[in-house]
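Think of it as A, B, C, D, E, F, G, H, I and J in the order they're written, each chain with its own count starting at 1.
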Amino acid sequence: MKREDLTEKLLDIKRENDWSWKYITESIGGMSPVIITSAILGQMRLPSILAEKAADLFGLTENEKKMLSEVPSRGIPMPPTDPLQYRLFEAIMLNSPALKALIEEEFGDGIMSAIDFTLEMERQPHPRGDRVKLSISGKFLPFLYHGHGEGIPENGLKENQ
Amino acid sequence: MKREDLTEKLLDIKRENDWSWKYITESIGGMSPVIITSAILGQMRLPSILAEKAADLFGLTENEKKMLSEVPSRGIPMPPTDPLQYRLFEAIMLNSPALKALIEEEFGDGIMSAIDFTLEMERQPHPRGDRVKLSISGKFLPFLYHGHGEGIPENGLKENQ
Amino acid sequence: MKREDLTEKLLDIKRENDWSWKYITESIGGMSPVIITSAILGQMRLPSILAEKAADLFGLTENEKKMLSEVPSRGIPMPPTDPLQYRLFEAIMLNSPALKALIEEEFGDGIMSAIDFTLEMERQPHPRGDRVKLSISGKFLPFLYHGHGEGIPENGLKENQ
Amino acid sequence: MKREDLTEKLLDIKRENDWSWKYITESIGGMSPVIITSAILGQMRLPSILAEKAADLFGLTENEKKMLSEVPSRGIPMPPTDPLQYRLFEAIMLNSPALKALIEEEFGDGIMSAIDFTLEMERQPHPRGDRVKLSISGKFLPFLYHGHGEGIPENGLKENQ
Amino acid sequence: MKREDLTEKLLDIKRENDWSWKYITESIGGMSPVIITSAILGQMRLPSILAEKAADLFGLTENEKKMLSEVPSRGIPMPPTDPLQYRLFEAIMLNSPALKALIEEEFGDGIMSAIDFTLEMERQPHPRGDRVKLSISGKFLPFLYHGHGEGIPENGLKENQ
Amino acid sequence: MKREDLTEKLLDIKRENDWSWKYITESIGGMSPVIITSAILGQMRLPSILAEKAADLFGLTENEKKMLSEVPSRGIPMPPTDPLQYRLFEAIMLNSPALKALIEEEFGDGIMSAIDFTLEMERQPHPRGDRVKLSISGKFLPFLYHGHGEGIPENGLKENQ
Amino acid sequence: MKREDLTEKLLDIKRENDWSWKYITESIGGMSPVIITSAILGQMRLPSILAEKAADLFGLTENEKKMLSEVPSRGIPMPPTDPLQYRLFEAIMLNSPALKALIEEEFGDGIMSAIDFTLEMERQPHPRGDRVKLSISGKFLPFLYHGHGEGIPENGLKENQ
Amino acid sequence: MKREDLTEKLLDIKRENDWSWKYITESIGGMSPVIITSAILGQMRLPSILAEKAADLFGLTENEKKMLSEVPSRGIPMPPTDPLQYRLFEAIMLNSPALKALIEEEFGDGIMSAIDFTLEMERQPHPRGDRVKLSISGKFLPFLYHGHGEGIPENGLKENQ
Amino acid sequence: MKREDLTEKLLDIKRENDWSWKYITESIGGMSPVIITSAILGQMRLPSILAEKAADLFGLTENEKKMLSEVPSRGIPMPPTDPLQYRLFEAIMLNSPALKALIEEEFGDGIMSAIDFTLEMERQPHPRGDRVKLSISGKFLPFLYHGHGEGIPENGLKENQ
Amino acid sequence: MKREDLTEKLLDIKRENDWSWKYITESIGGMSPVIITSAILGQMRLPSILAEKAADLFGLTENEKKMLSEVPSRGIPMPPTDPLQYRLFEAIMLNSPALKALIEEEFGDGIMSAIDFTLEMERQPHPRGDRVKLSISGKFLPFLYHGHGEGIPENGLKENQ
């Protein structure tokens, strides 16, 4: 059984039942709709209690349920050609040099984690046309400046800015 | 004169004067620090009143000032190898299939604009380690379902969901 | 069920019945032939009232009808090798630097939308050989120069040229 | 002397003199602004009478003038990352399968020439935001179905639909 | 039904019957062997009278016959790894800069059409080893230098050299 | 001033003085030789107290010293063609599917950080030929399964295995 | 029978039986868990005595057992998009220039073998979060500086530093 | 001295003197204009007696003359974006599967040499527009089916069809 | 029937019967083991007398036998990721600039044929570890310097060094 | 100083003095001409005693001499477009699947080293045209099947076939 076949089966069931993502993510619950949707689409896993709920909802076999809670092989080819997805990449591409400069100035040398990370999508009403609001929050992780002499503190050199 | 040579000159001046991005973006002012930093790095332009301020700050020639307010050829190779920049791409890559599903369910067929678009970065204090917060807002733009008969409303078919 | 299998099925039915695109797009109606053809080929969706008509015409199942009105994952590899398609890309490739210069001079910093966008194809009779006429119209979208101080107007800095 | 150095020089002169593309293309005249701008940017050549005018306007040397009327090595990497240019590619990418279907149905097997080709850009006023209008016209060229027997007409088999 | 499946079926029938390409192309007739072979291999279409003959020869269904006369999606990945095909690409690659220079000097700015185009292959006997002779002929198409003022002739500026 | 020019200058000085990396990394001290060497080669930064030492050692200008402690744009094209570097990539490539399986089984869904990360290289004497020993240690970072309802703990769902 | 189908079958059996990799690698035994897992995933082979054990455990046919001990065609596309795997590549990418410099200084011109190579993964408990420890050891292989005269020692020139 | 700098110098001299390729190739003489032009453009070498003539014509230094008769590193990126060059590639791309089939049927397993190869370009007058005629002739080289037993003829197995 | 399916079938039969390549290549005989193995793997063809023997050995159908003696579409993606195959590419990659220099000095401008070419693999016993010996021999083919005047010898200009 | 600038300088000196590679490699001596030529071309290093000789021959500065004995960053883009180099890649590409099969059958799981490796080029006189003979010899390196229990021999599991 391949993960993409399971994804296709889940989408078939969703279509047959005229279920919305809202209905699916609320029925499974317990996590952000973005993560649950990602799990259905094969980019995330469901913790076993949620995989149980998903299996009930979709009427999955035991093995399909287990697969839903296995960690998938994540990722898609970059950049995608779909316009909605491309715009997200483009917005990041154009702003990533500035974000690198500003994050490093504010936090020192390191990254915004893409693992200890949340992403929420909301509709933002606006008189000239509603907007898509994405709220992203990732833990800042400083590069570890490690040494191996005595004078080096366990967590590396303090000054990282 | 090439835009990348101007960028290099601006970074040399920044380094010599020990200026922070905060100092530069506040001195120029009038727009978000992300945009101003992007303009210095050659991904955005400065409106002429801000280019004037930038020219005063950096001591630019007339032609350099003009170049700063010209629209640059935007973009960088995708995906970038720098870890800070790669994490931003990865976070979008993994979540873009789910975002496509959820935005289309909420708004109908269309995209989040990357042009009528704002992006802000903030430090989010947190007991277990401060976080990088990115607030993104882009206007939703529906795909235009245009026709060319009489019965077709000028702005295309209403139903776009 | 995959979208490309549906596309293949639709083309099989078209072939069996000796239907022309003209017949199909007129039978479904309500939108430009380019969009309807794109929908049959898996690059656009049909609004549900048109998907209904398409389902009647092609004799589709309920689920196939629903899939036709779902937003597909759009795009093809660039550049395509097919000569007809390559010529379209080439014409854009050679002229895109000039179009960037002229559109920015005329409209300021921004883009021609590919979403709020129409494209029509017509035969243009000509004594030395008929011509293909493409009429393209996309809304100009200015880059938003947003700020976050008090003095900044809600829609960003006015001057965008 | 390389063509890109000449392009850079021409853009420097344009900047110093605050010339618009409108001014430049009208001063040189005789052809569409899109072609003249393309020639300045190194994607087209200027016929010698126009190269003469361009040389007068920009104060070029004899050799620079000659280079302007030489055929350049055309093209840019596909797809470009600049948003304005990318949108043009995207619009073509999404619609090219449908255009292939519709052009072949209307004209038979062949292509729209990208050589015997015109492209004009205009501002299209619109109450909800002005639009960019591109008018494209390319000669239809039928694939030649050639033979080598006696019964084969010199220009190939008639029926090409 | 996919075009590559039809191609595979045709090659299976050719193999079973020990048919040569010579036999196939002469049986179908009416066009150059190169085009007919290309059509069997999915890179060209057969005009309907020839598709009829091919259908008789191969014993095709009505739908397979129709597919043979539909325009395929042409092209293969470049460059191919097969030595025979690679040599053709290499010969063109090495000589294309010189051909560009010589064709433009002889004909002016334009291209050799790959559509109004013939290609024949012949065996050329030679005492030191027979040779493959390729005779290629493509119509020269001049770039159209179009204008939009009154003084501009309809077909663009005369001088194109 | 570009970072690669600084790297080249540092390597020129190293060569002129017949300095070993051991001498350089011990003279600068305070961190692992791998990081210091990476900083000299433009893949890491030196904290300012170490940049000071490096500036003394290499006789750098004030601006060069500052650049050494700026965060560089990290990364090289993947995979590299140099055999020593390629072997490192190959070893990771072949084992990365197994490491994914084993790390996820041991730690749950997440990654080994490449930021909170140490890497040491040692010579491992061996009777049949000395060996290169690489000791790598990266903090395990669990994927955050965040929610946004009341019942969801702030740090996401507990069970992540 | 294709190796990827065997891999898929093995993963199906693992899932059905709720086997852990620990259970599988201990049941087969005799080699490092990393290698055995790699063999199950199609990147390594099992020696025949271990393939025998694997066949017993998984209930394989004679032919499947043989395939498990055949050398597979190794490798995956680089770089992978899965975050866990990407981090491994990134860590190597950033440090590979420094490792090249340090290994060559320590050992002379040559490589760390990726064939005479071991890799172990362990959990490293840590008060601020457990860590993934990778211990890598590869034989150093000096480039052979071979000659073909009399004075050249059979194994090449001694001095290789 | 780099070959591309020499090419640029030769083109500068050609431009200054208003020399045509016809004039240059006839002045140097002794070989086909395609080869001589290729040599000037850095894709072929000139035999020393022709390099001598070229040096006289262009007024080259001794070293430049020698470089002209050195074998260059041949080739350009494939496929090129220039329309004239792309058309040549496209014509080959579309026809290469058929040419492979027909050449192998006529000659057996092997290739058309791109080394023992001639290519000539001529203007072909035509009432409906002159044509570019390319005459290509390459020696057929059969794949060598070599053996190493006694019964095997030195030049491999006879039957190669 | 596709060539890769035939290859898979042949490997299945080889596995079931525990045949070695030595057994297969000796049973078929008449050519080098490298070529016969390549033919089984779909990179070469078998002459019909050998295809006959292969058909007897493997119990093939008439059509499978014919396919084995058809010329396949040769090649694999470059560079391969399998370590054994990559090393062969790497060895060539590193040495190809030197081989170009030395072959051209020894033979003049031309290539080592990859068609009139033999390759043998042998085990080379060695006290410090047996070695793989590859003996390669390819006919030198000089570039043809052709002309088209009277004074030009038919086979081009003599001097090709 | 960059290695490619040193390479260019060495080639300039070679050209000025009309030195052959034979003269250069014999003057430096001590190693195979292939390695010495590779070192001059920047793909290998010269041991210091040979770098000394090269420095005398070419009249290099102290720093240039040191650079010649530093390990370069090896490799070129794959596959190269130069015909001589491409043929070497093609010959390997077509035969690498068979070589993998035959080497693994003869030696077990492992590789032919590209480091403990020799390559010699010779002219092979032949009545029908001289041939290029390449003699390659690389040490076979078996994959290490390591374990970490008691019963596992230090060098891994014996049976590797």
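As a convention for this text, a contact is a pair of C-beta atoms (placed from the backbone, for glycine too) under 8 Å apart; a residue touches a chain by one contact, two chains touch by 3 or more.
The shown structure was predicted, so the numbers you read here are calculated from the model rather than taken from an experiment.
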Checklist outcome for this item: Matching D-E in over half of the residue-numbered contact pairs, the equivalent interface among G-J, B-G or C-D is G-J
Checklist entry - Hey, which pair has more contacts between C-betas, G-J or F-J? => result G-J
Checklist entry - What whole-number Å value describes the gap between the mean CA coordinates of chain H and chain I? => result 26
Checklist entry - Whole-Å distance, chain A centre to chain C centre, using C-alpha means? => result 30
Checklist outcome for this item: Rounded to the nearest Å, the gap between Cα centres of chain C and chain J is 53
Next on the checklist: At least two partner chains per residue is the criterion; list those residues in chain A.
Outcome noted: 35, 44, 73-76, 78, 80-83, 90, 93-94, 100, 104, 110-111, 113-115, 117, 128, 141
Next on the checklist: With touch defined as at the start, can you tell me which chain A residues reach chain G in the complex?
Outcome noted: 1-2, 62-63, 66-67, 70, 73-78, 114-115, 155
Checklist outcome for this item: Contacts from chain A onto chain B in the complex sit at residues 20-22, 33-35, 37-38, 41, 43-44, 74-76, 78-80, 82-85, 87-107, 110-114, 117, 119, 121, 123-124, 126, 128-141
Next on the checklist: With touch defined as at the start, can you tell me which chain J residues reach chain G in the complex?
Outcome noted: 29-32, 35, 44-45, 47-50, 71, 73, 100, 104, 109-111, 113, 115-118, 120, 141-149, 151-152, 156-157, 159-160
Checklist outcome for this item: In the complex, the residues of chain G that touch chain B are 81, 83, 86, 90, 93-94
Item to check | Partner chain D, residues of chain H touching it in the complex | outcome: 8, 12, 15-16, 18, 80-83, 128
